[in-house]
Amino acid sequence: MKIMALLGSSRRNGNTEYLVQEALKGMDYQSVYLLDHKINPIVDQRHETNGFDAVEDDYEKLFKEFLDQDIIIFATPLYWFGMPGQMKIFFDRWSQYMLDDQYNFKEKMRGKKAYVIVTGENPPPKTAALPLIQQFQYIFEYVGMDFVDYMIGKANKPEEIRQGTYALTKAEIWRKEIKDVVVI
Amino acid sequence: MKIMALLGSSRRNGNTEYLVQEALKGMDYQSVYLLDHKINPIVDQRHETNGFDAVEDDYEKLFKEFLDQDIIIFATPLYWFGMPGQMKIFFDRWSQYMLDDQYNFKEKMRGKKAYVIVTGENPPPKTAALPLIQQFQYIFEYVGMDFVDYMIGKANKPEEIRQGTYALTKAEIWRKEIKDVVVI
Amino acid sequence: MKIMALLGSSRRNGNTEYLVQEALKGMDYQSVYLLDHKINPIVDQRHETNGFDAVEDDYEKLFKEFLDQDIIIFATPLYWFGMPGQMKIFFDRWSQYMLDDQYNFKEKMRGKKAYVIVTGENPPPKTAALPLIQQFQYIFEYVGMDFVDYMIGKANKPEEIRQGTYALTKAEIWRKEIKDVVVI
Amino acid sequence: MKIMALLGSSRRNGNTEYLVQEALKGMDYQSVYLLDHKINPIVDQRHETNGFDAVEDDYEKLFKEFLDQDIIIFATPLYWFGMPGQMKIFFDRWSQYMLDDQYNFKEKMRGKKAYVIVTGENPPPKTAALPLIQQFQYIFEYVGMDFVDYMIGKANKPEEIRQGTYALTKAEIWRKEIKDVVVI
């Protein structure tokens, strides 16, 4: 069982990172800050004769590691009512690999367990984040991933989330859930 | 009256570009392909003492031009059930300027007219694009822009949109509408 | 080819009715005003040993006619950001019949063509009606109906819709589309 | 401080009722099963010269009690991806009273605290219930109610919800929250 936390925040030690740590406390997992990686926007070459050109950045290595995971936590603050651009590019680039036989994209995606953590402040994220949750739902359904659960935390300033009982309680429930899976 | 078309596609001469041309036929407007511009992801420094560092890329120039527009058409294919990462970064970077007095962000945003063009293929974008439309609605409402209308075109392969009567008809309606505004 | 228009409005000669007439001009169809029918709310007896009791109202007759249609236009004003209660009960009562073998519910639903007309005024229905459109999408997907298209008209006072070019244009496009199907 | 639980289920002793009891344990509150009340669908007479006719059913009495509450829990199973028709009619009928000066509708609505409990089973309600949550958000925002929180429980068969740790934990958090308000 391999677990990856994919962090979209452009700030270290933020609320989403804290919730990830709570949810995965005591477990081995790989933590990926997308901002630490050079990932170029996709250039759509699906309709060109030679397909996609190779891109010189950090994506392919990261993507291969991602393909190898069983459980992924997508954790991000709500930026302008969506995921940050750098996280969106992570998904956009899938288009380059999903049709490439050597990656076995469809089969490897199917059944991966996905958890989503979103934090925001104002307007209240419990509804302002719902278009993003629906977007994740569409993405996971499209590639056959299992969208296990999401949590929407309310917080903005660093460390504020530690006062929110709901998000922490949910992190604890996930922790038990994931541990059960990992043990098996 | 200044009009800008902001194009999120990573491909030239695509369907969204065609719809933009139809909607703005015969009018002066500035066409911006986001992919032609080097725009770095935002680094969130809202909570740091000295605020945001200057970023060496094309954003600030582009953003100033954007602030100067009266009507903006956001035109983009649906990538993974959302806007492409490079378009999202365009919005993410607003956070750097909205609190900076010299840009007069709030006042300049208020009342700008926004149109949205989204194209997609499968799953049918008429519903798969709705979380994105809702995200745009939240963004425009938050900054006080006037979300005039959107259209969702169904097409994928280059030039396919030209067969779709609905999108073209809507482009024509917009054209009349915008011309009326421009004349005034 | 049988066509039914299911009207949720609690007012005659309203905007949705007008749009239905435009979309189906020159075709034979059955027009059903839900308010003309006595339809009781569902009493959930799915988990009771003897299943559902018979209900003395107009529903079963209407439901049988509905099952017999090929194309259905669901037309309704937006009431409190959703369909009117009397239209919702029309769907709620499906639960009574979907598990009853004699109705052949699943097979009869599959492939029916569904069109949706929603009209509203304020807040602008182009976004305020989207949760309702998403609800229709879930319903149609669940029973295997083909959600062909929807239109969201902006209008409130009687006859106001006749000034809206967009909705009328869409009605015209549908008319051609449906005529093509009916001819085949 | 007056608390009302408005129950949309057409079944007694169901999961939503159980969650309401957990959330309000130890507090005084009025529990209203909508199905116990005769509430007719609205007849839209907003545009008629004499306005709305009086309706002979249980609504007006119930509505007056509702207007008198400080905290309301709207609790309902997910029926066809929305609230049941009988609950929707409860909202539809607001249109009759919101323009009637003697009810002081706007002022009385403003600031009421709203909680929403939705339960469902399949497709997973954590996303299938989101259009309904968005509808509630629109309704509460429109009348100025304070949408404090919602929970989406997964369960179908009677009593199944008692096994779900998440919903029960959230009910407990609400209980503390509401008690704090009530004490003040």
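Observations on the structure shown:
To keep things simple, chains are lettered A, B, C and D as they appear, and every chain counts its residues starting from 1.
Going forward, contacts are C-beta pairs under 8 Å (C-beta built on N, C-alpha and C of every residue); 3 or more make two chains touch, one makes a residue touch a chain.
Everything numeric here is computed off the predicted structure, so don't read it as measured data.
Here the chain-to-chain distance from chain A to chain C, counted in touching steps, is 2.
Chains that touch both chain B and chain C: there are none. Annotation: the chain A:chain D pair of sequence copies touches via predominantly the same residues, more than half of the used numbers being shared.
Rounded to whole angstrom, the centroid-to-centroid distance between chain C and chain D, based on C-alpha atoms, equals 25 Å.
Distance between chain centres (mean CA atoms), chain B to chain D: 38 Å. Chain A and chain D, compared by their mean Cα positions, are separated by 34 Å. Chain A has residues 130, 134 in contact with two or more other chains. Pairwise chain contacts present here: A-B, A-D, B-C, C-D [touch as defined].
On the chain B side of its complex with chain C, the touching residues are 124, 126-127, 130, 133-134, 137, 147, 149-150, 165-166, 169-170, 173. Listed in rising order, the residues of chain D touching chain C in the complex are 9-11, 35, 41-45, 47, 77, 79-92, 94-95, 123, 128, 130-132, 134-135, 138-139, 142, 157-158.
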